[in-house]
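Sharing a structure with you now.
Chain naming follows the written order as A, B, C, D and E, and within any one chain the residues start at number 1.
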Amino acid sequence: MARIGVFVCHCGENISATVDCHKVAETVGKLKHVAFSTDYKYMCSDPGQTLIKEAIKEHNLTGIVVSACSPRMHEPTFRKAAAEAGLNPFLCEMANLREHCSWVHEKNDMTTDKAIDLVRTLVEKVKINSALQPIKVPVTKTALVIGGGIAGIQSALDIANTGHKVILVERSPSIGGHMSQLSETFPTLDCSQCILTPRMVEVAQHPNITLYTYAEVEGLDGFIGNFTVKIRKKSKSLDEKICTGCGLCTTKCPQKKIPNEFEEGLGFRPAIYVPFPQAVPNKPVIDREHCTYYIKGKCKVCEVVCPTKAIRFDQPDEVIEVQIGAIVIATGFDIKRADFFPEYGFGKYKDVIDGLQFERLASASGPTSGAILRPSDGQVPKNIVFVACAGSRDPAKGIAYCSKICCMYTAKHAMLYKHKVHEGKASIFYMDIRSAGKNYEEFVRRAIEEDYVNYIRGRVSTIYERDGKLIVKGVDTLLGGQPVEIVADMVVLATAGVANHGAEELAQRLHVSYDSHKFFAEAHPKLKPVETNTAGIFLAGACQNPKDIPDSVSQASGAAVKVAALFSQNELTREPLVAFVNRTAPPLYSTCVGCFLCQSVCPYQAIEREDFKTRDGKIIKTVAKINEGLCQGCGTCVALCRSKSIDLHGYTNNQMYTEVMALLNEY
Amino acid sequence: MKIGIYPGCSLTGSARDYNESVFALAKAFDIELVQVPDWNCCGATAAHNLNKELSLSLPARILATAEKNGLDEVLVPCAACYSRLAVTQHELKMNPELKNRIGEIIGMDYRGTTKLINVIEWIDAYIIPNLEGRITKPFDYKVACYYGCLMVRPNKVLNYDRAEDPQTMDIAMEKIGAHPLYFPFKTECCGAGLSVSRTEIVAKLSGKIIEDAEHRGADTLIVACPMCHSNLDMRRPSINKYWESDFKLPVMYVTQAIGLAVGLTAKDVGLQRHFVKVNIS
Amino acid sequence: MSEFEPKVVAFVCNWCTYAGADLTGTSRIRYASNVKIIRFPCTGRIDFMLLLKSFANGADGIIVSGCHPNDCHYTSGNFHAKRRWIMFKELMDFMGIDMNRITFSWVSAAEGARWAEVVNTTVARIRELGPYVSYKQMVNTAVEEEVTND
Amino acid sequence: MINLVSRADELLESKAVQVVIGYEAGSTGKARPAFITDPSKTGSLIFDDRCVQNLAVYLTKKEVRYFGKAAIVATLPIMRSIMMLISEQQVFAENIVVLGVSAEGKYIDIAGIEVMQQYIATCDLGNPAKDQETLAMLNKMSTQQKFDFWQKELSKCIKCYACRQACPMCYCTRCAVECNQPQWIPVQSNLHGNTDWHILRAMHLAGRCISCGECGRACPVNIPCHLLTMHMADQVHNYFNVYAGTTDKMSSVMSTFEPNDKESFIQ
Amino acid sequence: METTSKTIRKHSLEKLYASLAENRKMYAPVAEADNRIGYKYNPDFSEVIFDHIQSTLSVKNVVFPRVENVIFYTNNKNDSTVTDVDLNKIPEVVLWGAHPCDTAAYDVLRSIFCWDTKDEFFAKRLEKLVVIGLACHKSDAHCFCTSVGLSPDSTKGSDILLVPLTNGDYKAEILTEKGNRILTDFSGLFEPYQDEETKLTHVEQQFDHKQVTQHLKEAFENPFWVENSLRCIGCGACAYVCPTCACFDIQDEAKGKNGKRYRSWDSCGFGLFTLHTSGHNPREVQSQRWRQRILHKFSYMPERNASLGCVGCGRCSRACPVDMNIAEQLQALQSI
């Protein structure tokens, strides 16, 4: 026989100002099976919780309804209190009298009546609640980090340093990411390569880190603590164990005119190549798309010149499966290229370049060895224009967000230019200068005040070429909307940061949600910025939204801590609010008929097949079975199941039905 | 083949040349253009600055009349008229309440079923596909296609070509053997909005367009809007005065250029009516 | 006779609309107290039979609300729910069951004011439609030979 | 039906199948299902206008399965039922042989599931014209008229579940109507219980109904309950451009979605 | 009671109907859509038909309704209040124009419901029922009353049996006290019967039910059941249209604190009919259920209730979607 306790909270006056709490407690107290009912000023306070605990013990309660604020606020509090009093926490329900009643209605009888209805509904529900036990699953203490940019590197190192194994997967031939392309970094103007390279080397040498470059994640199965990941190691056409990295092949390769990705198309590379001199690993790969041998069937110059005979033209891709317990996604971002901008010539003008191209021009290791030269004719630009917010904050272009990093790097670009071309003139068209960050504003001021960068507040309407010059037409809004026309030698667009190519496919492969811009979605914008909605998968860096280096590194370390915390336990405890398929006595075994339509509605692949067999192994029946580790408890399968064979703990058919009945009928 | 046509005031007045070339071209391609009967002013340029209901009612009446007369497709050669009609159609589609009110005002049943096409769309749909074997005299000139503002904007409403860098006219020109130039001024403002009140601004803005086209070696500008044409052509003396130069670059309607290419005479397409002499025939 | 007070049941998902309704509370936006919320983990969990049960037990109106498309906490529960609602609505329309009495909406956790608006417009609409008499009559129609004690 | 008989004979003789499910002459001039296990008895197989029952319902029946591999005489609706049953993993393609019968009553050789799929693809998969007309008539009614129409029809229901039992897609061992915790559907055959039952049935067949009309035919009190599921079939095609029973792949409309599914009623 | 025979003229029949309807509920056959016949409460006399073969549903619902409330209850804080159904609310009903098979079925039902314990709901309803039967002048291939010991003019179960006469009038056989009271109350409407010629249909006897009953004793394990029930789809149509099937289910239905317990028709043809909670089902497959149906009516009931459980109305065969023709099967069973 159920013995239910009802605890009506006044929440100071938050509830009692509009709801007659005493009447609620009194009325509900008259319900069948309600053994105890009271109201109190603050149920969540220590005395309030003590009151509940003592009532549970004294009245031997089999379920309680705390009628207070939103369960999203205090359900854990009261469930914990119930557990402390020896009551299974899932026998505690909360009626939301504050957010859903007292705060939104006038003080009158109808409001109190509604409160009574809400409490009664939960009383009837809790009567049929089941005591649930937490689910425990083992943890595989190896992490997978996807993406070898600065965020991935940082995460991998941090996790590895806690003593756990890490697999780092990078799709290009070298780790380093966009940071390795940068010349100097704001706000200190220290050389990007100089601070990054040691970290790259550390990754390569760390005993806990296994590095797979030129590799991609193909598929993911399993759940937090127990993932199985499929990694495709693309063929490098090379035996890495034998290759010494001498680089002879790269110099002899006859195919030399392939646009260099690392140089953002401002230079060329051969078909067998190392992306950049400091690459890790520093061994070449053959780009099969451009290699003469793969295209025409003959050449093999590299094989001939290789002193160690390390070239393997017939080397296949290798797909490996690895057991891991957690994942950090650090796949980074990309930028819009100039061809995205019709008003700036659709990328037709060679001297309208994007920010990353400028980084390469300014980089000492870049195609011009650090000299700022026009791509069209190699001349030093005398007059350079930077356009901030190229694409960003422009809903008409489908990018309403601020790309965050452009204000700072544009200031940096202007400074770098001025430091190299002292007599040159640098102008920046900007919408607002967003320089929140340590030493950021000072940095921008320096650009303006010490390097005389001409900041023009306004947008650029069009850029066109005339007689080899670029005419930049814009507006100066600080001069009352005065049209401005600058005849420039070179224009740098601070193009919008966007999701990396392939992000959507990867998100789908990992079953992680992503936003409308294809950036990976965090579990909560404020309180869970590092987690995804899929337990055990975390985010680091610009794959979530454009970020600068310090932010990326911070988040990477944050993600690493999340992983380390997960790995600090041998077993995981999960809330048992998961689905289950009923089991009955043989010969039925379950009312499930095995149509498996539920499999296709499950977003988590949590529905498996279970065979019932005779002793000699003949299958009698195959029915659905829920993998409790994967199920997140959405219940979409429950509503689909025609024979009502699946149900959801905490929200069972019987409970939901009872709630509807209790809400609408007299008790 | 029967298509409706809404000429508007320009085509019966200052842009008779345009009108003649449109009809001549239509005739050459066996297209019967039927005027929307009892048409009225489209409301450009004044109405939409003064009275919203008026600015919608005027075009709505034209459209309703077209509907009533079974004209499913109506060609609107004047870019300003086209813009007014298209914007009205869009606004009334988006706002059924407004649609009802305007219907009451004009006292007609307006449904919004008429398909409006501008002259380039018309050429694209009915002329270009039938060009094969019709070019008697390839238009072997360097041309700068000038689209102006009303044909492509607001892009959300018109959803026609790419607003920043339209291409259709250039492609049409290539088809008749012309050599379209890279022309960054193709959608720049000619100053039409100020063509009566602030003529010096018109001279400045229009002059820039002509100057750039001439600078790039164009033999002629190609336009599809009577307003653009009058600013670039009729106002040439004031432009030359403002710029202290002597721009001689002719300004032709797209229909005129195609007309010549398919063997129509200069007179057929009304070239003699231009202020700036056209040395192309 | 007192004025007709509609009984409206709201079936909402925990992550968006329930949280949105919490925000309505936190923002102290007033709305009609005729609506009572039942919390579900996800709109995908909502069984269409529960909607019928609500009418059968005296509800005059129903609100079903969850996360906007693409915002589902469980990625796709609301998309499945949407398909079900489409078919359910078609069936109800076909059988002459008044779908004007059910509001389907997407209300996010951030749309506190919108929740109040959804509730108020629904309650106003139901108030105008009056009690759902035909359904109640249908539910109470006894078999001819049945002996009832009322 | 020489082909049908000789093919059945051949299959049984070679022991390729253990039973042939077809039609035979029944009592009082009716045709009825026949289960032939003896090759010498295949001569009793018939096919004519009276042979309208959806035989696919027997493929999931325990006693029929007991025979082993079955050959089944199949018109278009039966073929589509078989497709659905395969896609919902109730029947395995390797356990059945389909003896196709065209709309004109001609034997068609269905060598395998792919052939059947191709054949189905060539057919008109909409509802039968007669029913489609009735649907159109009903759809024109006002809400109240529709309500009254269905209330009148459903008041006749005696809850014998012939509609369910006759339907090949209602193969559940425990129907939701028999679930009593909670008791979703009132057990009694009063108006409420009847209405709930028929809504439940139609919803459970949404995207799965293959428009055979067997439920309406089976009803002893002549409720046109097949119109409910046929309306759903119609709407499924309307909204999602899908006809049920065209593929053996699991692709139920109600267990899948497209992010851009169109609707106009969600605020 | 001694049977009295009277003649009632066609025009007097309407008066009789109207007089009876004054303070009783009339339940009479009417034509429905799709050439079907159904019974209806208080139809206008003009609607009532006299030349039907068989209604789709039987008339057992008058005494054994689809739904019979048994008790009402209210849950209080600490206990429950139970209220009985007020049986006095059961109205007086005149069943008008039912054929002899249907009226005979009341005897069969009585043998079930009042076998040892008297079912008060059934008994009260029967008590309040007056049956005015109508002998058959039409029949079809499904009728087999003569095979189960009845005939088109069998008087079993009727208070008054109307037998059509060739001249269009009716012979009224007054069979019971209830019938007699009607005769007394409305004596002016009846005339003496003068041996006018009756118009009756002929129903061919298809089997000997005694022989069937005898054979069934040995037939439990016979493969006949499986062979002849493979096509049975296990619906309840046969049981629900049957005038003698009496199985019911008992359910509680609550709304809040108030609830009721009712019984409603059930069918032994359903798979769940005999399913145990343990998962075991003694009648696991349809052949066993079909066998149960036949054995119950033709073997167990003659043994226990001293009456056949079938009146030969043929409704089950007409309703069956898969042509499970009971007469055909019984005929076959006779010779196994």
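The criterion applied here is as follows: contacts are C-beta pairs under 8 Å (C-beta built on N, C-alpha and C of every residue); 3 or more make two chains touch, one makes a residue touch a chain.
Keep in mind that what you see is a predicted model, and the values were worked out from it rather than measured.
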Query raised in the report: What's the overlap between the neighbours of chain A and those of chain E?
Result: C, D
**Report entry** Per-chain CA centroid nearest to the all-protein CA mean
**Finding:** C
Query raised in the report: If you take the mean of the Cα atoms for each chain, which one ends up farthest from chain E?
Result: B
Report summary line: Greatest Cα-centre separation from chain C belongs to chain B
Report summary line: Note: chain D sits from chain A at a C-alpha centroid distance in Å of 47
Query raised in the report: Approximately how many whole Å separate the CA-defined centres of chain B and chain C?
Result: 54
Requested in this report: Just give me the whole-number Å value for how far the CA centre of chain A lies from that of chain C.
Outcome: 34
Query raised in the report: Just how far, in Å, is the C-alpha centre of chain D from the one of chain B?
Result: 61
Report summary line: Flagged in chain A as touching 2+ other chains are 588, 601, 640, 653, 657, 661, 665
Query raised in the report: Which positions in chain D touch two or more other chains at once?
Result: 173-174, 184, 188-190, 254-256
Report summary line: Two or more other chains are touched by the chain B residues none
Report summary line: So the touching chain pairs work out to A-B, A-C, A-D, A-E, C-D, C-E, D-E
Query raised in the report: Mind pulling up the chain A residues that touch chain D in the complex?
Result: 588, 591, 593-601, 622, 640, 642-645, 653-654, 657-658
Query raised in the report: What part of chain D is in contact with chain E in the complex they form?
Result: 26-28, 30-35, 53, 57-58, 61-64, 158-162, 164-166, 173-174, 178, 183, 186-190, 214, 217-218, 220-222
**Report entry** In the complex, chain E residues that touch chain D
**Finding:** 33-34, 36, 56-57, 66-67, 141-142, 226, 229-231, 233-237, 239-241, 249, 251, 253, 262, 264-265, 267, 270-272, 284-287, 317, 319, 321-323, 325, 328
Requested in this report: Would you pull the chain D residues touching chain C in the complex into a rising list?
Outcome: 138-139, 141, 143-151, 155, 184, 188-192, 195-196, 199-200, 202-203, 206-207, 228, 231-232, 235-236, 239-240, 253-259, 261, 263, 265-267
Query raised in the report: Which of the residues in chain A come into contact with chain B in the complex?
Result: 342-343, 345-346, 462, 464-466, 471
